[in-house]
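Next up, some structures in structure tokens.
One chain, subunit A, links the two complexes that follow: it is found with subunit B in the first and with subunit C in the second.
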Partner chain A sequence: MTTQTIVQSLASGLLMGLLYGLIAVGLALIFGLMDVTNFAHGEFLMLAMYVTFFLFAFFAIDPLLAMPLVAAALFAFGAVIYLLVVRFAMRAKTNVGMVQIFATFGLAILLRGLAQFFFTPDYRSIPTSWLGGKTVSVFGVFLPVPQLVGALVAVAAFGALYFFIKKTDFGRALEATREDAGAVALVGIDKNRVFALGWGLGSALVGLAGAIMASFFYIYPDVGASFALIAYVTVALGGFGSVFGAFAGGIIVGLVEASTALILPPSLKSVGIYAVYLLVVFIRPRGLFGSI
Partner chain B sequence: MNNSFALRRRNDLIMAAVLTAAAACMPFLVKDVYVQNIMVLTLMYAALSQSWNILSGYCGQISLGHALYFGLGAYTTALLFTKFGVVPWVGMIAGGLISAMIALALGYPTFRLGGHYFVIATIVIAEIGLLLFHNWDWAGAALGIDIPVRGDSWLKFQFTRSKLPYFYFALAFCVVAWLITWWLEDSKWGYWWRAVKDNPEAAQSLGVVVFNSKMGAAAVSAFLTAIGGAFYAMFVSYIDPDSVMSFQFSLLMALPAVLGGIGTLWGPVLGAAILIPLTEVTRSFIGGSGRGVDLILYGALIVAISLARPEGLVGLFSRRKKETAR
Partner chain C sequence: MTVSRRTVLLGGVASAALLPSVIKAQAQTPTEVVIGVIYPLSGASAQIGVDAQRAFETAADIINKNYDFALPLAKGEGLSGLGGAKVRLVFADHQADPQKGRAEAERLITQEKVCAIVGTYQSAVAVTVSQICERYQIPFLSADNSSPSLHRRGLKFYFRAAPHDEMFSTAMFDFFDAQKKKGQKIETLALFHEDTIFGTDSANAQIKLAADRGYKIVSDIKYRANSPSLTAEVQQLKAANADVLMPSSYTTDAILLVKTMAELGYKPKNIMAQDAGFSEKATYDAVGDKVEGVISRGSFSLDLAAKRPMVGTVNDLFKAKSGKDFNDYSSRQFMGLIVMADAINRAKSTDGEKIRQALVATDMKGEDTIMPWKRVKFDEMGQNNDADPVLLQYTGGKFVTISPPQAAVAEAIWPMTK
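So, the complex of A and B:
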């Protein structure tokens, strides 16, 4: 194993990690806002990838240009899911935690079934796009362009989210609703509206990730499942309740995955991620930056 | 009030005896092998869900990693049988004990975690187990273990001609899991678990040893789950990591209890009686098309029940009971 290989793996690990962060941040945002874990998050990613695919297949829109459209579509989808499903799950009087876990989990199975029904279980991919299949060399390290752009989008999205939460009225309403949903009702903020927009925003972020991933990953109904577990680990590693913990968590997960692949057989690369998660929560039971 | 509780417990016992007798007669009325197969699976999942319910329902520690214990039971039995010729009955108990010990070892660090951190830890630990079995060559790695048929006998727990012995074992397993839960409900442990579930801090201040309560629930739950795994290995006579240790199993153990009523005595039985036949029938009649209609129905049902009946389906019965009592 040469220094070159190590640097190369860690560089691709970092890029993938930023993308993991982008996939996970929507989950972290929704959880931080209302203590709800969306167990259909992976299926949201899957839908975003299909939207990108169909925009490409029917309208020849490149995944890079499709990004805002996919984000908008997912925004609407997330808000609708909140209004149709999650809002009712939260009304349960007993074991709300279990009800929301299983309601969103049932939703995940339903979405997977619908994807199989309408899109067939076939593996699809976007064969030619502006970014797909290209690499650039930076100081002798080869970086795949789709992942590189994905990482840049992730950094930009986190920057925008930070500005949004700290500086805009809606961001402040989000923060306030998260602190005390009852009190914000008294100052005239509609809790349901804020929650619906929070779900929209969280889903739009996973939409961005899906649009990027569609240009270098196979698209099929079960694609979300493997990324969903990584997303939960990423959020928990960073700490529930911390949106920027997801950013740090993503980078750590990406780097750990790449380093594990250097030492262990490739089929065991996830073991490293899981082991690091356990190690972190055994030492810090609320994750790295968690408050809840 | 104490009196009505004792009465309810006695009625539960009578009801269980009646249902067991009725279930024991079922194979004589239904000769169809396909239906008998579904009945075996239903009983097995009822028992597994009952085991899951002890840790997650009564004690409130939501585990979505019980596939680990199920898989350990299946692998211990299959490996002992194929590699050393040890009869499955010994393998079953060995698998149960190994699982209980692993549950205790894992419980030591994980029970300090709260809420979602705990749930994700259980998922992740089971996934590590799955990946390790995938790469463990001696245990067949990804190809799994084919359990050779050595002739029909109770000693070797293999039956090729009839499903009835499996059916009666599954029924006994279900009854035992139910009886253990019934007994625990009114034991010191049962009260401790519910106190830990409702408010761990308050329970602690009243002298409940919270940590030990959780460890006890985990050990009992893991032991019973592994028995189910051992049974399943002999029933299907072929196992591989994905067919006994995947996340799917963790969910299939939790869902009946959740749909029927989490933390209730009858919830897992009721949930399994509805869910498992539905799953099997949709899978074989509609699922064959490969178009995911079974998933659509299954997913929609879970969403619908968790929204319409968050306390579980047993709520339907207890309400009627209250009304007739008035």
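So, the complex of A and C:
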């Protein structure tokens, strides 16, 4: 094992990790806001990738340009899903947690099925784009441009999100609703509106991730599954509900995955992630940066 | 009389009530033969399953309607041995999960009353499906599974008309030997295979052949199927930089492998692929420009249409249904149903044991198939050893047959990148 192999592994792990963080942060945001785990999160990612693909296929819009459009589309989609599905699931009198799990899980299966029906199960990909297939090499370490841009977008998105939550009225309303939904109603904040916007925001973030990933990953109805699993462990590791936790958790997952593959056979590389997670559960069950 | 919703409903109830007696009446001379087809119709390999459905439907169509070409059962309608009974297919979805495959096989046999089952794409699923078939004494035919261990389990009701991965891998090493004789340098090999039975069996066959014939394996990478990233794996391949890279990967991983290799600046000297993802159109649509010259083993070649026009005709029928040309998988699926239906026709019965005996007695000439095979004849383990594999090279946007010599239409470009 040469130094270059190690540096390359860590660099790739870091880039992938930032992207994992970006995929996971929407999940963390929604969970932090209203204690709902969106089990259709992977399918949101899949839809974002398809939107990017169709924008490219029909209108020749490059994934990079499509990013804000995809984020906007997913924002609307997330808000609608809250208003049509989650809002009702939360009205359950008993077992509200279970109802939410099955509602979003059912949504996941439905979205996957609809995607297969309307988009066919064919594997799609965007063959040529501004970023796709390009690589920069720094001292023999290869950094694929799509992942590099993805990492930059992730960092920017996290920065903006942090600012948004801490400094804007809506961000404060978001935090207040999360702390005590009953009390905010008394001061005239519409809980449903905040929740719908929270779902929109969380979905828009996964939309950004999907638009970037569409330029270097294959797209098919089940593509969300393997990323969703990583997103859940990222959120659990970083701390439920913590936006910064998702950021840190993503980086840790990316680095651990890459370094596990250096030591163990690659088929076991996800073992490292879960080993670290179990360790965190042992020491700090609410996750590294969990506040709940 | 006005037809109200109620009368329609009543009619439905009435005909449903009549149904059991109708079935009983048919028991002596069946007007249809029900065959179960188990594929991944949803999930990560749904695309394969959906294409397979079109291939099986094409085969059933040829059997059930009258066509004029040399394929068995094409002439005349239905199965003549069963009084012209039509073949009806019942599709089941195993989602690439061996346990779902087991449950679906059981459902097909006990509830749909199928008399035979054909499947399954993933070898891991074929393991459980064939066990269930064995228990119920229903013949199972692997249309497109290639793991060699499948036919070595001593199952009486297991059959495979197509080659397995040892035969495929032998063809690859025969080709290497031939290239070496021509003065090419081939010393080191790198294996890259997924972690289910398909990948591991394929790698085991290749490791054994490499040892026997004096090739050195410098890297043997087993990876987790459908990984979100293959960066670490590709780095190791790049570090090893073998003379030939030998992937055994399904479509998703094949696409990601090629993309990641390009991203990390690794251009393999040669790629000799164990089919699967590397024979799928989706892979070449996505990354074809990056793998010009890749060689994949296969059991089918459209080049055959030049010598055997029937191949082109059947391909046109399939293309009308699916919008795609036959590939290595759809051709084997198509042929699988023909072989099974031919046995049922000769058995003149839908009894499992009688069909099994007819399968054992199968002796189909290669010219009567759409494959480059010598013939279809099963050994005592249910394997057809006369199914000769071919090697195909991807050049200029299509596959050309380069080996074995009797089927080749072009010289191999070796090394693949000049």
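Everything that follows uses one rule, which is that the second predicted complex is superposed on the first by the 290 of 292 C-alpha atoms of A that agree within 3 Å, B and C clash if a C-alpha of one lies under 4 Å from a C-alpha of the other, contacts with A are read in each partner's own complex, and residues count from 1 in each chain.
Here, contacts are C-beta pairs under 8 Å (C-beta built on N, C-alpha and C of every residue); 3 or more make two chains touch, one makes a residue touch a chain.
Just so it is clear, the model here is predicted, and its values are computed rather than measured.
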| item | value |
| --- | --- |
| When subunit B and subunit C are modelled together on subunit A, clash or fit | clash |
| Partner chain in contact with A:P121 - subunit B first, subunit C second, else both or neither | both |
| Contacts of A:I61 with subunit B and subunit C, given as first, second, both or neither | neither |
| First, second, both or neither for A:P144, with subunit B first and subunit C second | second |
| Touched partner set for A:V155, first subunit B, second subunit C, both or neither | neither |
| Partner chain(s) touched by A:S226 [first = subunit B, second = subunit C, both, neither] | second |
| Subunit B versus subunit C as contact partner of A:G113, first or second or both or neither | both |
| Touched partner set for A:S267, first subunit B, second subunit C, both or neither | both |
| Contacts of A:G287 with subunit B and subunit C, given as first, second, both or neither | first |
| Partner chain(s) touched by A:A92 [first = subunit B, second = subunit C, both, neither] | first |
| Subunit C-contacting residues of subunit A that also contact subunit B | 112-113, 116, 120-121, 221, 265, 267-268, 270 |
| Subunit C-touching residues of subunit A, taken from the complex the two chains share | 2, 5, 8-9, 12-13, 16, 112-113, 116, 120-125, 127, 133, 135, 137, 142, 144, 147, 216-218, 220-222, 225-227, 230, 257-258, 261-262, 265-270 |
| Of subunit A, residues touching subunit B in the complex | 31, 37, 85, 88-89, 92-99, 101-103, 105-117, 120-121, 221, 229, 232-233, 236, 240, 265, 267-268, 270-271, 274-275, 277-278, 281-282, 285-287, 292 |
| Sites on subunit B touched by subunit A in the complex | 62, 109, 112-117, 119-121, 123-125, 127-128, 131-132, 134-135, 247, 251, 255, 258, 262-263, 290-304, 306-307, 310-311 |
| Complex contacts: residues of subunit C adjacent to subunit A | 42-44, 46-47, 49-50, 195, 221-224, 226-233, 235-236, 239, 251-252, 255-256, 259, 262-265, 280, 282-283, 285-287, 289-290 |
